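For reference, chains read A, B, C and D in written order, and residue numbers begin at 1 within each chain.
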Amino acid sequence: MVELGFQQADLLPLAPEIAILGSALLILLIDSFSRGKHGKAAVAIAAASVAAAFAASLALYGTTAEAFGGTFVVDGFSLFFNVAILLVTALVVVSSLDYLEEFYPEGADELTEYVVLLLFATAGMMLMASSRSLVTAFIALELAALPSYALVAFAKRNRASIEGGMKYFVLGALSSAFLLYGISLVYGATGAFDFVAIADAIAAGDVEPGVLSLGSLLVLFGLAFKVAAVPFHVWAPDAYTGAPTTIAAFVSSASKIAGFVLLFRLFTTAFPAEVDWVYAAIVLSVVTMTYGNFAAAVQDSVKRMLAYSSIAHAGYALIAVAVFSAEATGDSAFALGAGMSHLLVYGLMNTGAFLVVALVDDYYGAGYTFEDYAGLGRKMPAVGLAMAVFMLSLAGLPTGGGFVSKLVLFAGAVNSGFWWLALLGGVNSALSLYYYTRVLKWMWVEEAPEDQVELDRKPLALYASILFAAVATVALLFAFAPVIETATAAAEALLE
Amino acid sequence: MVPPSYYVLLSALIFAIGLYGVLTRRNAVVILMCVELMLNAANLNIVAFAAYLGDVTGQILVLFALAIAAAEVAVGLGIFILVYREYGTVDVTLPRGMRW
Amino acid sequence: MTLEPGLLENVAVLIPLLPFAAFAVILAGSTYGDRFDLPATAFAIASVTASLLLSLVLLAELYTHPEIPTPFTAAEATWTAGGAAPELTFGLMVDPLSAVMAVIVTLVATLVLVFSLYYMNGEDESGLPRYYASMTLFTGSMLAFVFSDNLLMAFFFFELIGLCSYILIGFWYQTPSAASAAKKAFLVTRFGDYFFLVGVAFAFAAFGTLSFHGDTSLFTAAEAAIDAGDTVLGVDASTAVTLVALLVLGGVIGKSAQFPLHTWLPDAMEGPTPVSALIHAATMVAAGVYLVARTFELYALSPTAMLVVAYVGGFTALFAATMALVMDDIKQVLAYSTISQYGYMMLALGAGGYTAAVFHLANHAFFKALLFLGAGSVIIALHHKQDMWEMGGLRSRMPVTYWTFLAGALALAGIAPFSGFWSKDEALLAALTNAANEPLLLAPLALGVLAVPVTAFYTMRMHALTFHGEARSEAAEEAEEGGWPVYLPLGVLGALAVVSGFANAAPLGVKELSGFLGASDLYGYAATHLGYADAFTVNYALLVVALALAFAGAIAGYLLYRDADEPLKRRFDPVTEALERRYYLDGAQTRFAEDGVLEGSRWVNRFDVDVVDGLVDAVSTTALQSGDALRRVQTGVVRDYAAVIAFSVVVLALLVGLLGGWI
Amino acid sequence: MEVPWLTLLLTVTFAAAVATLAVGRYVSDERTGHVAFALSLAPLLLSIYIWLMEFTADGNALLGADNAALQESYSWFTFAGYEVQYYVGVDGISMPLVVLTTLLASAAIMSAWPSITSHRKEFYSLVLFLEAALIGVFVALDLFLFFVFWEAVLIPMYFLIAVWGGSDRRYAAMKFLIYTNPAFLVVFVSATALIFSADVNTLSIVDLTAAVHDDALTGYFGLTPEQLKLAAFAGLFIGFAVKVPVVPFHTWLPDAHVEAPSPVSVLLAGVLLKMGTYGLLRFNFTVLPEAAAAVAGLVAAVGVVSVIYGALLAMAQTDLKRIVAYSSISSMGYVLLGLAAYTYYSVGGATFQMISHGLISGLMFMVVGVVYHETHHRDVRELSGLWRQTPVAAFIFLAAAFAYMGLPGMSGFAAEAFVFIGSAASTTIPYAPLVTMTAMFGIVLVAGYLLFALQKTLFGELRIGEHQTAADGGSLDVSDVSLAQAVPLFALLAAIVLLGVQPDVVYDVIADGTAGVVDLVTGGDG
């Protein structure tokens, strides 16, 4: 037993986060003390730490622990999201090896900063999953957000990247202000930051309903910004489009997942369904999936289509929040578990899809529009097949776990009496087929033009990431049991 | 003791001013300052409530929030430098290459 | 001759089976193309001849052994066991009626196939395997229809007969008019069959059985339902019986080319003449009438249905006969004559004259096949000329044809003692007798009597134009008669035209056929249910009147056209116009199909494309357009984005506040 | 040891698809089709073997836990206390459909040899994937598994139309996909609403059926159990109706058919449409008999409208494929009528019609494919007198057309006769005789447009597009069907005739599967 005043009980449960943070600091340290930059080594360390964190998260599974006076809590819920976030990070980190070398000529040198920023953001997101206090939640959120701003603007000579970073930052800062203001009102109304304490205060009944409601709404909006829910999504299409594609994958997947985990925990633990945020969540869900799909349907750029598609998926996941209603809380664990499962699967599919864009658009320079994908499926069948898996699974066809998770999610809505929300989701899914299959149409149906770029190089790491994501997506169709069962158990524990 | 409603009113005012600035100004740095105003409005709220409730947690959050705001400024200014380098100005309305 | 027990069943089974077997062999062999011509011919003739012999054995056996209980089921096969529902079976029902009909069918078929050696093989037609395959399939189907022991099986083969008719009418498929006629024939009869099938479905739904005999036959079930006053098909049982009978009558009207579905038969003359002889004169067209005879006990349960049958028959008899007056094509004359003659049979059936109908059916089969084959002989001799105005003077050049054709013509004209006279008279007698019990039968009777001189007139006109006077074309001057494949069928049929009427020459006291058919049972049945006469006694007044009318018509026709070299009909323009245009009915039906149904379907299609599918496309267009409109929110300017967020916060907060009640 | 026959069948089919891709790399382009056909024989023979030797179903699969034959179930995942299983089994309804699928898939593959000339291995592989998914649809007894296969069908179908289709293939493929997908979600929502209000703990359709029939239903959010049943019936009906398709949800079908390559049309018309009717039979008419009986008149009316409207549409077409496509709509209307009538013969006949129409429309599309491949025309106005030069193809076309018209001696007649004699006696449909009679008028209309098509294309003087021969001779540059093409054509024709002459080959098992469904409404008095 170490006697330095540290409590093992505080630190051990947070081992995954500590591993990520530690390796980030280690890379910085090496970077400071060595003359040259060691991009590859940094990637290796990062990959190792992600693997370690992943292993730790799995190993910790089953433990429920509070750390640092209950401001952090490690439970099935947080570990589930750790896994989801780390999967995305791993894919992004590994693929960055090839990606930055090609896309940014100075990339190899900049790789250390890039990796460190990624790791910090990852740590922030994981901490968001574990936070059970508005204080730690806010800090973790900013820890995730600030590196993300920098990462989006990472391609310093690229106008789109800068523009995207600037927009992301300005709006992110604005929404942080709303969030903090909301936190202040909740604090004022309940006198507490701890989620459980807030719930207790509300239960005690001695709160100003208007202040609490407005506060919870502002917090909801702040997190809605994070998950890019319409109408707080405005930053997302531009930031995703402008960002280096790996970062777009990271932000649109991991960051969104992290936003949702906080949303889920906060609104299930702290605010009972009687508080009026439920209306807002329903509105957000409906508007988000509809807007995302409609706008995605009319894009010319694959990357921007994916940006809107990720907005649409936020709408689906919001169903899990929206179905909380006074009558149906008993069944909400089901919907929540379904939402969690969908986010995990979504992380893989969405990241994989963005990585294909990274490969085609950035690595090979084939172009960003749908037309530029003409005939690529036949030229690189493995990637074409992987893209088919991602697109169809995102659309909710049974090439991957996306089919199961989306259906289970809709089933959750039906189970809570929101059959109409499920139907609306269904209509949206159908519309989404239009634009997802457009990609496949160009990749597989159309013939490649004569003057298409050479695709002779094979970036191993990028390929490996894409294929891993594809295989994992397909595997989740068959091995969906651990995901949904874990998620449901975690959701049940959370709601108790 | 001053009742918290005054603080709340004041902070709301400051928040609104900040928001107004964000919405109307073109200069990135001014916008950044306005965001800081908004953040500080929230901080003011929290401090007021903390004092009223006799709870130190709120004040701790404010400390963190200040630090975070500073970090935000650092990142933000870095990005604005890139904007300036590319556009020759920090007018936020100019970068509009991506839309729809 | 007495057959071993059980052997008779086998004989009956083989009768339809042999042509089917020949069909299968020819179909398989037809892959060899023209090299299979001879084997195909041989198989066809051999199988049908064998069936003929077996039919004769069957008939003889039944005739000589009245103690054999009939009807009996020669063979039965389950079509479907039906699971929990009643099974549906196919069985061969042997009774005097089916035995007589089988002989008619196989005899005519055999003779026609022999004639085909001259008409088809002799002319080096291509596609002979197809011809013989269809002919054997037809013969097999017709025989199976004849032996059917239930309504569904009857329909089954009724339709197959239609298929064969379609293929054979369109035998010269490269001729557009033949292809069109084939389509029309199938379509019009299909229209009739539609009602037939509805009748089958209703009968099964109403009475749970379709069988023609046995303890639970359709007739006994229907009778029982009426007696019990059951409600079936949502109406009382007697109405249901009438409904079923009338629906089945739809098929009859289509197949037997009765008004108003007669229009296909004249067109069907596009087929080779042997086909016309077999299918469109003697057998297939007889199927309709045969069906009514077969289900006579059902019709006898419904006075309404009986009257409809009689009216359709009487009207058609006169109606078609008038059109035959003006036709120039020899086969067209025969076609309208066929329609008219089947009208007589219908009239007989509707009037309760069961024997008369079957008798006339048999006689007509022989003499009409004879006339068609005679016409075929002429047509080939004239190198496929069918217009009677290009014939003439063939009497001396084609003596066998002339004399046999004359026998047939006199039979058709109803001149004693040729066959048609006896049976036609019995048909009219039936109507006259029962008009006493059912006055409404007077009208069809009158129509039938009126048709007698008309028939005689057009028959002799045809005969005179074809064989008398001067040859009116080069071909007619050089016409030559064929060999034994022509003489044999013409001779046999010619003999039959003279003698077959004596099978039931009632005025002479011969009632062999009636006795053999056991008609008195049916008369008794009709008497019970309809109040019709339970026996017919010869009415000599009617006999004399009919004969006189026939003679008058025949002599007039002969004299007017003996030396005619231009159509006389021009003198009666408005009337002949109507007759030549076939009372405008053909045109009206075609217009209904083309301008009505087809044009209507185009309207429906336009509605489908513009409205139904247009709505679908509109949804997708709207979705994409609204997507395009929605994304304009994304102006690209960060200050606008901030405004969106700020505005949304305010709106949503207000909304929720109002919903939550804290504002 | 118990052999998991159905899993084996699915695996073999799936493996054949993968093997085609793999082997396709090593054999010449022309040989790919041969390889695929050889591989497709494995599921075909296996399915026939299963039917003949292993299939011992007793009654309807949904109406008793032990009714279905060859049941296998393994837990897949659990959510909200509901166990989702890999649960398969066959009964008298699904077994013939499985064999129909394997038969048509092999036939389609063989018929594709001459016409599919690009990306062959992908094509054949996708056809086999499609086959596997279709088999899955028919053997699944778990709701979720059913959904998986149901949606899995869309994927190969989309590509088969989009890649190998005609000039407007992209639009057609997209329309097919986007039209049928939301329909599925309506089905999904309705079915899950039912599940969640039923006292079950699995997604087994068998359990669900038992629960619904035992009235072990709670209401659903303000709906009483009765209202829920009606609402679920409506949702399921609309969803499946799109797939059938039933007027007015039919407009995706002609586009898909016209653009799809003919071998794919074979499967589309032959099997895919049956998914819709199969769904209706399984869910609407078996799980929810009360609701079905309550609205039988409406369903029958929809069926009648489909029959007549589809036939009228077919009549207005000149493209052979469009004619057959619209007539499929018409034929499926009979199925609806038969199901709604709830008598032994009508429901059995409706199911028999699925098989029969599968064979006939398959044959029809194959022969149209031959004509199109040889002449490059499908418009009846561009073709004339083909009989003279391509008698075998013409013969098959003629035979298929007459089969479509319900010529006795062919399966179509048996199916229609069963439906008609059954539905005329219906007790669920108001004015059943009148309704039946109206629907039956379709048999006149179908004769009208098919005879017209035959007359235009096969008869008259030989002419193809601009090219015309002399009135009495000469030939054009078209050849008759080759031996390889003739094999599947004659095989299907033989099956059609066999089922027409001896329907009990299939109807026997179908009747066993459907009798229980009828008893649900009529109480054994159907």
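Rule of thumb we're sticking to: a contact is a pair of C-beta atoms (placed from the backbone, for glycine too) under 8 Å apart; a residue touches a chain by one contact, two chains touch by 3 or more.
Here the structure is a predicted model, which means the values were calculated and not measured.
Student: B-C or C-D: which has the larger count of contacting C-beta pairs?
Tutor: Pair with the higher count of C-beta contacts: C-D.
Student: Could you name the chain whose Cα mean is nearest to the mean of all protein Cα atoms here?
Tutor: D
Student: Just how far, in Å, is the C-alpha centre of chain C from the one of chain B?
Tutor: 96
Student: Centroid from C-alpha atoms only, then distance chain C to chain D, rounded to Å. What do you get?
Tutor: Centres of chain C and chain D (C-alpha means) sit 36 Å apart.
Student: Please tell me the distance, in whole Å, between the geometric centres of chain B and chain D computed from their C-alpha atoms.
Tutor: 64
Student: Which whole number of Å gives the spacing of the CA centres of chain A and chain B?
Tutor: The separation of the two C-alpha centroids amounts to 25 Å.
Student: By the touch rule stated above, which residues of chain A touch at least two different other chains?
Tutor: Within chain A, residues 166-167, 170, 174, 178, 237-238, 295, 431, 434 contact more than one other chain.
Student: Can you list every residue of chain D that touches 2 or more other chains, as numbers and ranges?
Tutor: 178
Student: Hey, what residues on chain C touch two or more of the other chains?
Tutor: In chain C, the residues touching two or more other chains are 620, 631, 634, 636, 638, 642, 646.
Student: Which pairs of chains touch each other?
Tutor: Every touching chain pair, ordered by label, is A-B, A-C, A-D, B-C, C-D.
Student: Using the touch rule from the top, collect the residues of chain A that touch chain B in their complex.
Tutor: 134-135, 138-139, 142, 146, 149-150, 153, 156, 159-160, 162-167, 169-170, 173-174, 176-178, 180-181, 183-185, 187-188, 191, 193, 237-238, 241-242, 295, 304
Student: Considering only the defined contacts, which chain C positions touch chain A in the complex?
Tutor: Interface residues on the chain C side: 620, 623-624, 626-628, 630-631, 633-634, 636, 638, 640-642, 644-646, 648-649, 652-653, 655-657, 659-660, 662-663.
Student: So in the complex, the part of chain D that touches chain C is made up of which residues?
Tutor: Interface residues on chain D, with respect to chain C: 175, 178-179, 247-248, 250-252, 309, 312-313, 315-317, 343-345, 348, 385, 387-388, 402, 405, 407-409, 413-414, 417-418, 420-425, 431-433, 436-437, 440-441, 443-445, 447-448, 451-452, 454-455, 458-462, 502-504, 507-508, 510-512, 514-515, 518-519, 524, 526.
Student: What does chain C use to touch chain B in their complex?
Tutor: On the chain C side, the touching residues are 631-632, 634-639, 642-643, 646.
Student: Which positions of chain B touch chain A when the two form their complex?
Tutor: 4, 8, 11, 15, 18, 22, 28, 31-32, 35, 38-39, 41-43, 45-46, 48-50, 53, 55, 57-58, 60-61, 64-65, 68, 71-72, 75-76, 78-80, 82-83, 86, 92, 95-100
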